[in-house]
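Here is the structure we will look at, set down as structure tokens.
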Amino acid sequence: MNAEIIPFSADVADRASDEPALVVDVEGFEGPLDLLLTLARQQKVDLARISILALADQYLAFIEAARKLRLELAADYLVMAAWLAYLKSRLLVPDSNAPEGQTAEDMATALAFRLKRLEAFREVAQKLMERPRLGRDVFDRGDPEPIAEIRHPQYTATLYDLLSAYASQRSRQALSHVRFAPRKVWSLAEARETIERILGEVAETEWGRLDEFLVRYFVDPEMAATVTASSFAATLEMVREGVMEIQQHTAFSPIYLRKRRAAAGASASPQGETTQ
Amino acid sequence: MVSSAAKRVISEDGESEMKTNARPDEVRILEALLFASKEPLDEKTLSARLPAGFNLKAALAALQEEYAARGVNLVRLGNKWAFRTASDLSWLLTKEQVETRKLSRAAIETLAIIAYHQPVTRAEIEDIRGVTISKGTIDVLLETGWIRPRGRRKVPGRPLTYGTTEEFVSHFGLEQLSDLPGLEELKGAGMLDGRLPPNFSVPVPSDDPALREDEDPLEPGDLDYGLAPRPTSEE
Amino acid sequence: MVSSAAKRVISEDGESEMKTNARPDEVRILEALLFASKEPLDEKTLSARLPAGFNLKAALAALQEEYAARGVNLVRLGNKWAFRTASDLSWLLTKEQVETRKLSRAAIETLAIIAYHQPVTRAEIEDIRGVTISKGTIDVLLETGWIRPRGRRKVPGRPLTYGTTEEFVSHFGLEQLSDLPGLEELKGAGMLDGRLPPNFSVPVPSDDPALREDEDPLEPGDLDYGLAPRPTSEE
């Protein structure tokens, strides 16, 4: 809608000359009741004693003026116009034969009440907005001091949690020991480490019997085979490296070993207790 | 009145010491709590930090009186308490003013009708204003935090009822809702009983969250509607 | 100086009234400015916002003295001024909150070993569990209050020995520690595997605080380690 302004001539005669002419911007009204209230104020009388008939006339004249200017009017305004026209006709021509019910006077009183009520709420709305307001007239603490939260952890665990945790880890650990405790294999590395230690214990030139050195490792009969195999393999490796010498006279006869002499090129023959 | 005996002060390391100080420590605590907070505090929150048996109401009254002449006043807002700058000093504090969205005339009127006539339905607001309320008006008011949907009226269609919040009371500096300006005149002129059957007593606005006889509680999901509160049933 | 005329006070109903009070206006103004400011204010800023001729230093001094005995003090922070909670009341600005936490699997397993095998060192726990224990696990258990360092084992490195506390017994609803179920009961409850090796045993737990033969008492300072209990000597 255009911002057209309609001078509202119907009212001009009643107004003091120094007052500005009532300008009616249809868009500025908050509905027909608001428009009626604005018009009513022009009567400059208490709303309780207002002439509803005169008010209806003013309203209808306004609507007529707006129509002439081809202003679009919301349906609300037209409904009110129709209702006021009806009210006006009933006020002017009372129907004495009408059945009991709402009289034209009741209707007029109801309208006056609504206008009065709207005005009353407008007044208190104004008063409310004029109160000293927070952030406009009064202020709260600008720099509030925050409340620090200190968290106290409270741990929870049930006896069941505790017992099942105990039992399950003890079982787990016990069963894993059962599975892995007996070592059934003597590794090459273990064999070599042992032989090196044995060699360190014997005198330089002495030949020694391998099975005698290892006797303490044969206590567990299950270990005999793996100990023999690994230690023999380890000795061969050490001979190849030139760390020691080894001899065996016949198959399955005892194996002798001794440290290799550092400088001497020739190897001495085994000691007397061995048989050539 | 607050006990005037020497007060036990709990010092930072938790030990007690006697302090000779004319000002009772309970009052100092009350002062500190209310001063530190931006939000109004209710009496329950305050009591939690004070010794059992402490006469909180008397202390608040005394503190309020003590601060009445100062630049900062202790004010009661509904059932909460807060320090606020004295309203006559607003001219000094322009820098602190917060930009507030200017409310439309429709929003201001709607707010006033909700405040003075609560609990009130949208249809009742429309009846008073003689015009339908645009969806945006209620949205804007909900956004201010000053109004809230509070229940459903026990009438066909079960429309939402609206009322004001604690923020409303705090923003407009009301000690209680019955301090709304002009309320008495409005009530006396019968402006608040327009729609009610004649045998009903004149209703007084109340933000008491307790539902009235003709209100049902909100249902789950109603508060989601809160921001778009035009239940079709209300039309 | 600000006009000393009687002030216009906007009372609650929005009307004006004359108020006569002995309190100088300067102090009220300063009070309100400092209260409402979002940050501490320096004297230059304060002066700029106050009427010309205002005796700022005098007003600040007066206000500071006036608030000295209160729960809120006017304090100088560098060259700025602000209201702050009195330092002896700073405990008011904390809110203690209990937060429930569940113990981790590792923590509860460690706790169980300590309960049954106490007094026990960290290395011994690791030996029983077959896994190393992180420092945090012992820390958390010390935080629960359910375990305590109780002595030092008489072995090289003199590691701490741990045992359970009375809180442990009461938390788990035991009358005494020896009420913890033994081997047969654990088997009966189906918690222990039936295929355990024959030498498997479950100790009869005891939290007798008396030191064992292989324990030395804690040394001064050991309990300070309590909350960060990995003395390097234990490694």
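List of remarks:
By written order: A, B and C. Residues from 1 in each chain.
In the analysis below, a residue touches a chain if its C-beta (ideal position, glycine included) is under 8 Å from a C-beta of that chain, and two chains touch if they have at least 3 such contacts.
Treat the numbers as computed from the prediction; the structure is a model and nothing was measured.
Closest chain to the protein centre (all Cα atoms averaged), using per-chain Cα means: A. Farthest from chain C in terms of Cα centroid separation is B. Inter-chain centre distance (chain A to chain C, centres taken as mean C-alpha positions): 27 Å. The distance from the centre of chain A to the centre of chain B, with each centre set as the mean of the Cα atoms, comes to 31 Å. We define each chain's centre as the mean of its Cα atoms; on that basis chain B and chain C are separated by 36 Å. Touching of two or more other chains is recorded for residues 127, 130-132, 137, 139-142, 145, 147 of chain A.
The residues of chain C that reach two or more other chains are 10, 12, 14, 32, 35-38, 85, 93, listed in rising order. Across the complex, chain A meets chain C through its residues 127, 130-132, 137, 139-143, 145-159, 161-178.
The touching residues of chain C, counted against chain B in their complex, run 7-10, 12-14, 19, 21-23, 27-33, 35-38, 49-50, 69-72, 83, 85-93. Of all residues in chain C, only 10, 12, 14, 32, 35-40, 82, 84-85, 93-103, 105, 108-109, 111-113, 115-116, 128-130, 140, 143-144, 146, 171-174, 180-181, 186, 189, 191-193, 195-197, 200, 202 touch chain A in the complex they form. Within the complex formed with chain B, the residues of chain A that make contact are 30-34, 36, 76, 113-114, 116-118, 120-125, 127-142, 144-145, 147.
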